[in-house]
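Chain IDs A, B, C, D, E and F follow the sequence of writing; residue 1 opens each chain.
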Amino acid sequence: MRLGVIVSDFRNMDETLSRLKADKLGVIFVSNGVYHTATKEGGKKSPLLEKSPNMYVLTEDLQSRGFSEVQIDSRVKPVTYSDLVDVIFNDYDKTIWI
Amino acid sequence: MGKLTIGVFSSLVGSLSLDFAVKLADAAIKKGHKVDMWVSGNATMLSKKGQRAFKDYSALEKKLHEMFASGSFQATACEACAEARGFHKEDTMEGWKRHSMDWYLASTFSADRVLHIGGD
Amino acid sequence: MATVKLGFIVKSLPYKTEASRLALTHAIASQTVEIYLEDGDMVEPVVAFIGDGVLNCLKNQKAMNMYGVTSLEQHLKNSLLLDMRVLICKEDMEKLGLSEDALIMDAEDIGGETKANIAPFSEIMKEMDSTNHLLFF
Amino acid sequence: MGKLTIGVFSSLVGSLSLDFAVKLADAAIKKGHKVDMWVSGNATMLSKKGQRAFKDYSALEKKLHEMFASGSFQATACEACAEARGFHKEDTMEGWKRHSMDWYLASTFSADRVLHIGGD
Amino acid sequence: MRLGVIVSDFRNMDETLSRLKADKLGVIFVSNGVYHTATKEGGKKSPLLEKSPNMYVLTEDLQSRGFSEVQIDSRVKPVTYSDLVDVIFNDYDKTIWI
Amino acid sequence: MATVKLGFIVKSLPYKTEASRLALTHAIASQTVEIYLEDGDMVEPVVAFIGDGVLNCLKNQKAMNMYGVTSLEQHLKNSLLLDMRVLICKEDMEKLGLSEDALIMDAEDIGGETKANIAPFSEIMKEMDSTNHLLFF
C-alpha cells in the first residue's frame, strides 16, 4: 500500500502517524500541521519530520500562518492545492486525514 | 481522469477545514477530475443557504456555484444531520442534494480516491 | 459484481465530538447502499478502534439516561447485530488498563451473533491494507 | 442569590458541551440564581429554531423553554456569527435575543460569576 | 485568588493546568476530562490528580462514559450539576474552562 | 462608577478553530459596551497569549490573500490601535524559538501608539489575578 497521511494539526499527531506502516508512506502537512515544518520546539525540529522521506506542505496554509517557503525544513516539498490533487491521484493509493 | 469523493464531517464554519475541502475539490475539477462531496455532522452547515459574507469568514457560496456549473461536481448533505440542526429542505443552498448516509458509501464505490476529513 | 471494502478507523474519544458516532452510523448505512448500486455490487465496512478510540467500547455507558442521547455502546451493539467486522486494538486496551470484561464484545442481549475481535495493531494494519479506502475518525 | 453569565463559543451541536452549558444554567436557576447565556461562533446553532429531535442528539429546545419561563434566564446569540451561518432573525428560536458582542461583556459587568466555555 | 479549573478533555490539559498558581486551586473534571479520574495509562494514574487537593468529577459525565463512582480515584469528589453550581459560587472566585 | 476587568487568555492556535479570533473580536467589543451600562461604568479587557497561542502573533499572515478571511494579525493590530493591553508569554516564545522581530509588536502602520508586551508567565499570572473574570480561549 502507498499511503498518504494528511497531518492537519500541531499536537497529538505523532502517536497515530508513528504506527502506520506502508510500502510508501507520504506525509502532507496542512492546516495547523504546517507548524511542524517551520517551527522548532526547545530548539528541536518536529519528530514528525523523521517519519518519511516523502513530505509535503501546503503553501496556502503555510503563508496564511505567517511563514514563507524559505523558512521550512529542506526535506519538505511545498505544494499548492493543484499539486496536492496530483499527489493524491498519482503518488498514493489511499490518503487519510489525521 | 478520475473520481474523488471527499467526505467532510465535523468540520466547522469558521475553521478552514471546510475551505480546504472546497479548494481541493475545485483544484481537482480544474484538472478534469469528477468530485463528489458529502457533508455530515456539523459540516452540514456548509449547505445552508443565505450565509452572509463577513470578512471574518471565507465566503464559499460563490465558489460552490462555479463548481456546480462545471458539471463535474455533486454535493450532498446528510439529511438527518441537517434536520437535527434545524436546516430543512427549503434552507438548502441551490445545487445541493440531501440524502441519507448510504449516499456517501455509494459514492465511494465508484471513486478512485476517497478523502475523509474527520476531526472536530 | 464487485465489493468495495471501507475501513472505518476510530481514534477519537466519544461525546466531545460526533466523530465516533458518525463512524458507526455511516458504517451501518452500508446495509442500504445497494439501492444506489448495480445488482451484486456492495460496500463492506470494517470498523477498528485504536488509540483513545478504544474507550468508545466501554460497557455501561449511561448517555441516554444522563443526556437523552444514544450511547456509543448502543451504536456498537447495533453494528455487531448487523454482523459487521469490529476490531479493538489490543495494545491500546492494555495501555489504558482495560480488560475484555470491561468492553462491549457482543450484542447477545439484542439477538446478535457476531463478536468483536481484540486484535494487535499489526492485524489492524493488515486489515487497513486490504481495504479499498480508509476513513479515519 | 447571584448572577452567572455563561458564554459558549465554538462548542457544537452533537457534542455535549452545549448540553453542559444548558444543564449547568438550569441547575443554577433551580437554586435561585439568575443566568445569562451568550452563544457565539458555531455555538449560535443552539439558537436555531426548528431543530428536529433525533435520538443521536439531545433535544435542548424544551428545556430552554422551561428556563425562559422561569423569568431568571436570558439567552442571546451573536448576531454577526448567526448571520454568517445563514441564521436570520426569523430563524431564531422563541425566547432568544440577538445582539452584537458587547452584550456579552455588558452581562459580565454585573455577573457574580462568569463561565466562558471555549474550546472547539 | 481562589481559582476553579474545569478540565474538559483527556489530552493536552497538563501544560496549562500545571502553570496556574492560586491561593486555592480546584480542579473539576467534566466531559472527556473524566477519564483522568477513572483510567490508568501504562499502569499509572493521571498526573493531573497530583495538581490539587480539591478535585471534583461530574457524575453525569462519568456515568455517560461507562464509569461508576466506585471506579474513581478516592481523592476526587463526585458532584452533580447542582453541586457544581455551589462549587462555582461558593468555593472559587473565578472558574475557567480548559 | 466601576470598572470590571476581563482577562482574555488565548492558548489556541489560529484558523483551525475560531477560538483566538473570537477572543479578539469580543475584547474589541469592549469599545461599545457603555451603551448597556451606567455613566462612568466600563469593561476593560486585557489579552494574553500563552502556550501555542503565541503563534497567533506571527507577522506576515496571508490569510486574506489565501482564503479571503481577516488574519489574526489584523485583529491583533486592531486591538493595539484601540490601546488594549496585550501580553505575549516570554517563555512560550522562547520555547517555540520565536524572536520579538517575528511577532506583531505594534500597529504603527495603521496609526497605533500602543505596543504589545512580552512578559514572563509570572507577570501574566499576576494580571489574571487582578481581573474580575477570566475567559480562556
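As a working rule, a residue touches a chain if its C-beta (ideal position, glycine included) is under 8 Å from a C-beta of that chain, and two chains touch if they have at least 3 such contacts.
A quick note: this is a predicted structure, and the numbers were derived from the prediction, not measured.
Across the two candidate interfaces, B-F and B-C, the one carrying more C-beta contacts is B-C. The distance from the centre of chain D to the centre of chain E, with each centre set as the mean of the Cα atoms, comes to 24 Å.
Measuring from the averaged C-alpha position of chain B to that of chain E gives a distance of 38 Å.
Centroids built from CA atoms put chain F at 43 Å from chain C.
Here the CA centre of chain A is 35 Å from the CA centre of chain E. Residues of chain F found to touch two or more other chains are 15-18, 25, 67, 133-136. Across the assembly, chain E contributes residues 8-9, 11, 31, 60-61, 64, 94, 96-97 that each touch 2 or more other chains. The set of chain B residues that touch two or more partner chains comprises 10, 12, 14, 16-17, 41-42, 56-57, 113-114, 116, 118-120. Every pair of chains meeting the contact definition is listed here: A-B, A-C, A-E, A-F, B-C, B-D, B-F, C-D, C-E, D-E, D-F, E-F. Chain D makes touch with chain F in their complex at residues 7, 9-10, 40-42, 100-106, 108-109, 111, 113-114, 116, 118-120. If you check the complex, the residues on chain C that touch chain D are 15-18, 21, 25, 64, 67-70. On the side of chain A, the complex with chain F involves touching residues 8-11, 31-32, 35, 39-43, 60-61, 63-68. For chain D in complex with chain B, the residues that touch the partner chain are 10, 12-14, 41-42, 45, 48-54, 56-57, 80, 83-88, 91, 120.
Residues 1, 3, 15-16, 19-21, 94, 96-98 of chain A touch chain C in their complex.
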